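You will see two complexes here that share chain A, one where it goes with chain B and one where it goes with chain C.
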Partner chain A sequence: MQEKRKGRPLYALLIEHREIPLLAVLVLLLILVSIRVPGYLGANYMNILKGGSINMVMAAGMLCVLLVGSIDISVTAILAFAGAVCGKLMGMGVIQSTWMMFALGILIGAVIGAVNGVLMSYGKVIAIIVTLGTSYIVRALIPMEWLLGMNKVTPTELTQGFKDSMVTNTFLGLPFLVWTAIIVTVLVGLFLKYARTGRNLYAVGSNAEAAQVRGVPIDRIKVLAHVICGATAGLAGVMWLGYYWAIEKGSANGNEMFTIAACVLGGVSVTGGYGKITGVVIGALMIATIDSAIPQLQLGNSMITEFIKGILLLFAILLNVILQRIADKQALARRGI
Partner chain B sequence: MKKNKLVSLLTRWEVFLLVLLALMCLVFNLQDAARVASGEARRDVFNVANVVRSMRPYMLYSFMTLGMMLILAMGDMDISVGAAATFSVVVLGVTYNALTTAGLLGLPALILSLAACLLVGALCGALNGFLVTRFKELFPMIITLATQLFFRGFSYLLIGGQTLTFDDETFDLLKELNSLVDMFGIKVPVMLPIFLAVALVFYFWLHLTGNGRKIFAIGTNAIATQYSGVRVDLIKFWCFVIAGLMSAVTGVFFVGATSSSIKADIMDGYHMYAIAAAILGGFSTDGGKGSVIGVILSLIIFAVMKIGLGTLFGFADSAVNLSVGIILILSVLLPNMVNKLRDDLRVRKRRAEVSKAA
Partner chain C sequence: MKKFLSLVLVALLVLALTPAFAEGDSIYIGVVYKQSGNPYFQAAVTGFEQAAAELGFEFDHDGPDDGSSDGQIRIIENYIAQGVDALCVSANDPAALVDVLQEAMEEGIYVISWDAPVNAEGRTLDVEPASAQTIALTMLESMAESIDYEGQVAIVSAAATMPNQNLWISFIEDALANDETYANIEYVGTVYGDDEYTKSFDETLALLNQYPDLKGIITPTTAGAPAVAKCVQDEGRDVKVTGLTLASDMKEFIDAGICDETFLWNPIELGYAASYAAVALVNGDITASVGDTFTVPEVGDLVVEQATEVNENGELVEADGTIAYLNRLNTFNVDTVNDWVEIL
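Now for the complex of A and B:
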């Protein structure tokens, strides 16, 4: 008993920083692949970063929504819609500047996110139903004749400046695609850690009633979380357009599950109130690494990637629960109960 | 007392769906008649035969919806059903191929592989059920998100990116499941009577037996149900197993519809259709409410909308999706608003009474 009180036991550290085991697995995976395929990291880490950055931006927004105990499964629909609108406007010659594309993408995403948030918090409709509904609506709006009247944006509609903006142009050796992800995650991280409103997201998620009594406008905070999530999804749409040079109404369909998976892997609680941006970044990197690394291992069937992704996610979340249970039991035992 | 009963009958969700359906039929009929009168179309399109025939694509995921219904009634969520259906279908194809190369031909091979398919579906559900009841800290949605990737991974592991195709006569029997038969003088998809029969069984079980009512009790208040002596975990487990089984059934019908070709991603994203149909049918992710009749009505509404908006008004498929989205949100938002209004009125009335008394 006496020794235990001295230093903080290892499992307590693991519980407090749920991202540490994940980081260990990530490093282990990278080492394994590097042994199998010499020179893997040098050649491929940029691909990992590029592949992961779009998902990472969305996951940063998803973190905010999950923190308040809500969920948003319309992110990839917002991605497709914002990307399509921006691309179309560029094709028509309305927008020429790359910065305007970003601003418009964020704005469109934020508006859809606000609709989600208002319906969810003021309309008291369950988040998953609202966002399922908006994802149907938003995807269906893309080919509407009065709006855009098209099914896809093709590379010819984009200006060369925009096409170069994401991957070709680099700063300090990193493409702007990756820089955007870094900026977004840092901003969201700072907001969640140091801004009063950011802390309120945690308060609403962990105990909404207490937060309300304390004077936190919980409905407005929930709307804000959805607006942030929508904005990041809209931004991700423009990033997608800049990366692939094309977008269509079915783009990224189903990928919202990987966005949520990045958060869950990173130790974010879906009941709200717990989660850190570092975990989310590691989770997103993890998924991107698996995507890029497993095919390199050549374990036979190239589709084994999907299998390993599934197993890793399942075990990561179960491990989280088991660690938590052990910690609870130890805490009770320490107090002699 | 009698008036209250009437009110509660009229405010039932199924009645709302019926009214919605009737309104849609009215509008579409008028448009149809106008089209015929103006000579734009030679004869009417909006009739029972056409609606019944256009039920076919919705019948594909109707079985999955029945399974999803159970899960939603308990207040849980299962997003792995699409992946489970794909996985079981992949097993169906792989088993059939293995059996035919082993020399077992014809009907026995098909029956054995169908059995394997259903078994795998049930096992997928059992895994979900096991994890959901053993790891209560985790939301069923997250668990099934993980198992979804897991099942999908299994399908890819088995057949990779290739497409399994079958062109022998026995396997083509599955195509018959997607055909139309003459019944009462109109062409009816084969799946429709099968679905109605299964739905009838579900109706009796869910609404008329104690066992079925317990599922709704779990959705309303799981802890109270547990303390009143119901084995909540056991029921939950079996509901997930049934949901898995129903998704395997959906998979079998789907193979028939895709001319007997099987790929490792054929039913990705199908869980969303099932959830949408069940929620429009009156179920809620909160649990504890909904009915089989509502689900049947919502499937009919989908078919009517498809033919009405698509053929009559000439909207593209996306317009149908758009209206599905809007109806989905409104179907939850409107009752909420009505309830809030009713509560407000009650409070105001009570206040007036109190101030009068004072």
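Now for the complex of A and C:
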């Protein structure tokens, strides 16, 4: 095996590991930023990791739904809803334990994800419409003043233990916020690579009919993918609350596009069947880098920074596509096609 | 069920109140706020209650469940039918209520907008907590005191397009440039968090990285303030934060010493002053023309001024209608913040 690899040309490596060109784009981006802001990476690597953690957790779940050829744009609504409910319950004294917060957040997310999945696969409604609907419903339910009092969670409602849980508490120098993202990433990665059900996600996404013939329960797999996505979004809600100590109706509104962008940047196919967790990690890091770097580039007002953000995103994805196309072409040429 | 119940209750209330006003000759005021159940407006109602006890008027208060203009219009129509003498309205939309309020004014009802103004053609007088200048200079003075009138100061604002914030910032910039008191304060600039938590957080982080000697951040937006304070705390920097904030958002950071003081207006005083304005108008003591004054106990003499607005160039220019400012802000510090966390 080792010997076989040795003789393989670079392009083959690039085809097998599509995240390599992406990594090159990330490095290029960091170099560009460092030219303008000397010492940028040294001062900011922790902020990039912290800032990217919540998006990474959601992107890991998003990867699962994208793999089965579905999509979920309700993730940030689930984030806000799960975070708000958990935070309010803590404020009311119902929950005291940090672990319970995480368990409940994941549960709430999984339930909403299951609703998404069932409506989408058994109700035969297009995923983007289903999740658009649930995202509106879920966000509308957030104020719940009749049940929870004020329509946002403030730091005073949280226990000190929970407030310390994400940023203050560290292990091997990394805050738990980052560790949570690492654990979720590794779990999803292992699941997709080694579990039979995980591999079935690819099968359903790349060729649903063939998968069905092989006896894969397509609908159930799709529901499962949405449950995983919802669960990660619910977890992200509790992480958000632990990081920022505040959550409200509009929290993270619109950020679902950056979750999807992290996946797409990472080479995940939006039509299903192709995508790797390693690519998503690099995609999420890239978005976190752009978010962290833009304010430091001192470009002036916010209209210009948003413009630059769009340019950087397009630049990253175009470069990635071009590098891949070159690699694909060479591979075809090698095979004499 | 809840809607039905409240309908029945409103119906009962109307039945109970109508005869009273057919007979009595005391002043009857209808108070309309943005949304029912909101603690901010519940606090304001206690201001109306206090004034009612002192001045001997009667009032009723209501706001739509959903915070809509339609709901407010229905409530106002009800009040008109009941024959109120004055309406005190915190508008969900400055333009949407104009028609119904003009109808009210034709019936001889005085319309006082408070907290959130109605356009000039739909009101008799607007009562607001503080002028732009008062807000700006209060924040600046507090910041200066926190940092001993020395060091670098930055501003984290809402969006770059927001006229209120931009006006306050221009007053702050002007004072920093021209007032000798602030000669040793170096203003390093304004960044915009767009009232989004994460963006405000990232922008603050960048400020802290860029200016290692930064001493203070003024954040004139309630949405951005908690993000700014949390970022300063996470970074463990000795930077003071002040601004316009809610008490509940900032208690944590006031207790932690990151904020010495933060500010917002006092909804109780605002309701109280609006009542005094309404009664002064009904009694004919004032006509809501420029230069009129009326006294609000504890608050002081309020002067009716020409309203102002910000034009396209960010300058303060005269606008239609008249306005009276309380020019008092509520200070939250370690001693007072606990009294306000449930309200603001």
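Everything below uses one rule, namely that the second predicted complex is superposed on the first by the 282 of 337 C-alpha atoms of A that agree within 3 Å, B and C clash if a C-alpha of one lies under 4 Å from a C-alpha of the other, contacts with A are read in each partner's own complex, and residues count from 1 in each chain.
Throughout what follows, a contact is a pair of C-beta atoms (placed from the backbone, for glycine too) under 8 Å apart; a residue touches a chain by one contact, two chains touch by 3 or more.
Keep in mind the model is a prediction, meaning the values are calculated, not measured.
Within the superposed three-chain model, A:129 lies in touch with chain B and out of touch with chain C [touch as defined at top]. Using the contact criterion defined above for the overlaid structures, shared-chain residue A:21 touches neither chain B nor chain C, since it reaches no partner.
In the superposition on chain A, A:244 makes contact with chain C only, while chain B stays out of contact range. By the document's definition of touching, of the two partners only chain B reaches A:308; chain C does not.
Comparing chain B with chain C, the partner in contact with more residues of chain A is B.
Shared-chain residue A:91: touches no atom of chain B or chain C.
Applying the stated contact rule after C-alpha superposition, one finds that A:217 touches neither chain B nor chain C. According to the touch criterion, the shared surface of chain A, contacted by chain B in one complex and chain C in the other, consists of residues 301-303.
Per the touch definition, chain B reaches chain A in the complex via residues 77, 79, 131, 135, 137-139, 141-143, 145-154, 156-157, 160-161, 264, 268-269, 272, 275-276, 279, 284-286, 316, 318-322, 324-326, 328-329, 332-333, 336-337, 340. Residues 43-44, 47, 51, 145-146, 150, 154-156, 167, 244-246, 251-252, 255, 291-292, 294-296, 298, 301-303 of chain A are the ones touching chain C in the complex.
The touching residues of chain A, when paired with chain B in their complex, are 71, 119, 123-126, 128-130, 132-144, 249, 253-254, 257, 260-261, 264, 270-271, 301-311, 313-314, 317-318, 321, 324-325. Of all residues in chain C, only 2, 37, 39, 159-160, 191-192, 194, 197-198, 201-203, 205-207, 209-210, 226-227, 230, 234, 246, 248-249, 251-253, 341 touch chain A in the complex they form.
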